[in-house]
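Paired with chain B in one complex and with chain C in the other, chain A is shared by the two complexes that follow.
Let's turn to the complex of A and B:
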């Protein structure tokens, strides 16, 4: 009987068409167009490319010799490791702790999640004030602890730490909530049985919570790695144009820099292609490493 | 879960660690807000003092309203994000209904096209989208509405695939008996969708709407391509611009950040359950 309603397929077309029009026109078509643009001569945003570069693969050749490309890829991979270890790692610890306390679960959830709803742009401005050399919050704390000179948190060498710490901090709550939801799905009976058998709280965490969370942790890891490729707002606000000395570029910010600041639009398109390739390859690697298990 | 009620030393340590992390998420924001009420040189002297007595000033806020068009930025941002959320809910809902209920040749292909569409980062499409919209004459024109439209369209597309995946999963779980009953009463597919499916899918629509709204509201990358005229700045563009221009006026920076963050905090406090659910929808089923 159920199939009768949907035997006439014509309405399906009308339902699907608008959504598909958007996806084809604003995602699939522009993506292929970006690939083509990366081979063309295009030095102005919005202009239509008329001729190919000579030779057509110029941009890709240039990429190999461009030290900033290597810096940005390296920084992006560091960012991935930081998000993976920092965000997911801290989130696991916090989630396991919250799961074992009686009161206040809800309030911690609310407080931990809250940086995520604030725009990374506003957070970037906030962290500019916090890491201010001229007596920002961090330097004032260090001064109170007896440190004499002021640290320049945006100097070469330490700039990457200053950039990645806020990105990491912002999203811990996101993975925290996912993990806590995963922990709530573990049946109470398992814990009760373990308690009757004399397991301590730590043993319950080690032998029940962590193994049962395996798949959720995998999901989080994949999200963290793919998310690291999309980071743009906060680094761009705190370290515009890759300052200092173009050492803090990520693939996304470097693509933006080439496109908008130096008007090297076709090169920006080539970098965009690189970002997609990098994303696909890394997603494959992460999926292979964190394969989901069935219990 | 079996939990002990008495406070063991271990439990106290756990609480202390949890509270320390909570302080890292809350205190920086309180710190910025309190410093927004102090003159620049007082911030540098002691930023931890509460802005009481002589320290208190509203000069930063007055300057913020003088140097930036905050209301204009709010207007642009709210318009863009509301339109994006509404259009995503409407169009993705219809698409998801068709994907969930109709089986036709090519429906597998369409499913993988939807999942595939989630893979494109904004970086990969933005140059060509700008090119296309410039040719259509809607990007970088003098018209406020067209400029907003030029951001709204790609942002709708950017949220569409994800919204469809979430909504398809939800609609598949609805009991088909209700639709059968409506069909027996003589409803056609469109009436079934608008009168039966839509009311039932409300919770999931809320999830998708919140997700799309916040994603669009907080986005800087796409907007920085399409909203380059100062009189059409959205909130993120306005923030980025003022930080580049007046980055050394720390009092002003703190005031602007406070003016942008406080409304978000208020909304978050009222709707936190729905917001948390909306933002984690992809990873946690439901």
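Let's turn to the complex of A and C:
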């Protein structure tokens, strides 16, 4: 009788039902509605679309000729590379270093994780002050070091760097904590055996830590790439409307701009579909590249 | 085993019910709050909620533009506090600075059914969408139940809606747009204070001197808020009589005036009269340049008087901390004129007012409070406090008491005394996505990436397709 209770799945289904309904109502229904809206004529938020665009694929055709779409896709791909190298890469280095120190691991975990708990909007406002042209922190430091003229950190050529640096900084701690946890799961016996065999610290990292972390790094990479597609608030606060000259749009901020600022709601819906397609394709690519291994 | 099954079933049932209950309550709220054409149901749905407010306290959600650097931000806070004390009601204030983001937020609130009960908002094209949707109540409809509503206002000065020519918004205070000057920079650059006969050619000559002295002549963030320059640059190629006519296309006479206006801004940009970071800076940054003595001229609205005064206080919320010597260095004058527009022909009027939403009107608990709130804020005693150096729509406007005015307010009053005309802002009629090509697109226009004529044509096409 004892084992029979696990065969009856009905109570489990009953528990799953509310969450399922919630997902249908607030995720799947809006998702399919967005796909439909991308073919409709809709120029007002909250309004009901009554007619299809003529032709119905107008928005998708427009996307091909819209230079800002290509700018936003290009910037988003750059953001993905930055998150992979800048967030996961730096997190790996930090995690390996912290794993090698004797005491104070917990302090570093807390310190590196801390930016995650601050709202991205607040961080955006803070970095606005840091990168302010006049009396911003960075320019003041450069002035103290003898630089004569002020640097406009939001100017066209450098704006992307200014936008991506805080995003990178914010999430390093997130991957750091995942990776440190992964390192903790590696048996000490492996390190001890390697030490007895005469392996140096670098060799232990190269031949034990990194290979054993492979699956964790894969997970972090998938999270980083898909997360880069969702980055929105911090770039929007720092560079509203793709400032300057619409060069800093990401797919998310451009979709928001079209939907909320210009009220081109149907085009915004089409951009949302593009983001989903990009997300699925890129997640597949990343999964293929960073394939997890069975040990 | 049976006991466990029952427990599991009960828990599952409770979860499903809780979700259903959440759905029901939000549905009821929607019925009460947003379905303007179902007043009979609304009171029933709301009937239980005010039980907690039986002590006479009604909570009104109010949105205004009296926030941030607006001259009346403090007046508004004081007035709300006084009204709350007088009536025992409470105000949930969601006011914000009047920029495009604020307008979008208000429009979205209406579209998604989460509009405020009362709002002080623009009565031009920006209010078209919620008037078309029937989400605000006309003054005439309110007067059917409250005959004295807005009776202290001059009817001719209450602006009618562009949608149906009905009057919805009770005006409180007017506005003007003019040019603020940092006189300290003018002195340093050897430039005389501009007067009533100031021309665009003189302005450019002055800008050249100011630039040579190492200052930015114009404080403006063209990539963020190009609105004031947009308005006056177009106005400078028209006259007060034609300014409010929206062109049919970029090729007609008025359309060409718009194109020339955009090209005039481009010329000033190419001459290097805007701050170096004008395309990447925010309006707050360029305003700070002006108040901190790094930029000489600032075209802005009457609400900016408060912002400048605030910047001269060590504590922006405490008038006692005002640095009078610093404030003395600021002045306000006319915007340089060109062609048929004299410098003293300014942009201004009564472009905002208090709306009562259908949602509040259909709620018997909130209706009285909403009317009381608007009547209080638009009373003969309150309006002069808000109008200050600007106009009002009062029938019996009292003499302005200048004894409590600061030096910049007095300068503003003197400047206003010399105006030859006050014309509304054409951008108030030209709202929505039609502005995108010339507002958001201003950086592309001034850098030459988009031809002004194309940008104007795109905007006009969007306007005529609305």
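Operating definition for what follows: the second predicted complex is superposed on the first by the 282 of 295 C-alpha atoms of A that agree within 3 Å, B and C clash if a C-alpha of one lies under 4 Å from a C-alpha of the other, contacts with A are read in each partner's own complex, and residues count from 1 in each chain.
Just so it is clear, a residue touches a chain if its C-beta (ideal position, glycine included) is under 8 Å from a C-beta of that chain, and two chains touch if they have at least 3 such contacts.
Keep in mind that what you see is a predicted model, and the values were worked out from it rather than measured.
Colleague: Please tell me which partner, chain B or chain C, touches more residues of chain A.
Modeller: Result: the larger residue contact count on chain A belongs to B.
Colleague: Quick check for you: in the superposed arrangement, does A:173 touch first (chain B), second (chain C), both or neither?
Modeller: First partner only.
Colleague: Would you check which partner chain A:45 touches, where first means chain B only, second means chain C only, and both and neither mean what they say?
Modeller: A:45 contacts both chain B and chain C.
Colleague: Is A:227 in contact with chain B, with chain C, with both, or with neither (first, second, both, neither)?
Modeller: Neither partner.
Colleague: For A:116, decide between first (touching chain B), second (touching chain C), both and neither.
Modeller: first
Colleague: Examine A:235 and indicate which partner it touches, taking first as chain B and second as chain C; both and neither are also allowed.
Modeller: Neither chain B nor chain C is touched by A:235.
Colleague: Looking at the overlay, does A:154 come into contact with chain B only (first), chain C only (second), both, or neither?
Modeller: second
Colleague: Touching A:15 in the superposition: chain B (first), chain C (second), both, neither?
Modeller: Touch status of A:15: both partners.
Colleague: Once the structures are superposed on A, label A:86 by its partner contacts, choosing first (chain B), second (chain C), both or neither.
Modeller: neither
Colleague: Now for A:129: first (chain B), second (chain C), both, or neither, which partner does it touch?
Modeller: Once the two structures are laid over each other on A, A:129 reaches chain B alone.
Colleague: Jot down the residues of chain A that show up as touching in both complexes, chain B in one and chain C in the other.
Modeller: Touching chain B in the first complex and chain C in the second, residues 1, 5, 11, 14-15, 18, 22, 45-47, 128, 132, 134, 240, 260 of chain A appear in both lists.
Colleague: Can you tell me which positions in chain A touch chain C when the two form their complex?
Modeller: That would be residues 1, 5, 11, 14-15, 17-18, 21-22, 43-47, 128, 132-134, 152, 154-156, 159, 240-241, 243-246, 260-264 of chain A.
Colleague: In the complex of these two chains, what residues of chain B are touching chain A?
Modeller: Those residues of chain B that touch chain A are 1-5, 10-11, 14-15, 17-18, 21-22, 24-26, 28-29, 31-32, 35, 43-44, 46-48, 91-92, 94-95, 97-99, 101-104, 110, 113-114, 117, 119-132, 134-135, 139-140, 153-154, 156-158, 160-161, 164, 176, 179-180, 183, 188-190, 192-193, 214, 217-221, 224-225, 235-236, 239-240, 243-244, 247, 250, 253-254, 256-257, 260-261, 264-265, 268, 272, 275-276, 279-280, 282-284.
Colleague: Can you name the residues of chain C that touch chain A in the complex?
Modeller: Touching chain A: residues 1, 4-5, 8-9, 11-13, 15-16, 18-19, 100-101, 104, 107-108, 110-113, 129, 223-224, 276-277, 279-282, 285, 288-289, 292, 294, 432-433, 436, 440, 443-444, 447, 449 of chain C.
Colleague: Contact residues on chain A for chain B in the complex?
Modeller: Residues 1-2, 4-6, 8-9, 11-12, 14-16, 18-20, 22-23, 25-31, 33-34, 37, 45-48, 90, 94, 97-102, 104, 108-122, 124-130, 132, 134-137, 140, 169, 172-174, 177-178, 181-182, 188, 191-192, 195, 201, 219-220, 223, 229-230, 232-233, 236-237, 240, 251-252, 255-256, 259-260, 265, 268-269, 271-273, 275-276, 279-280 of chain A touch chain B in their complex.
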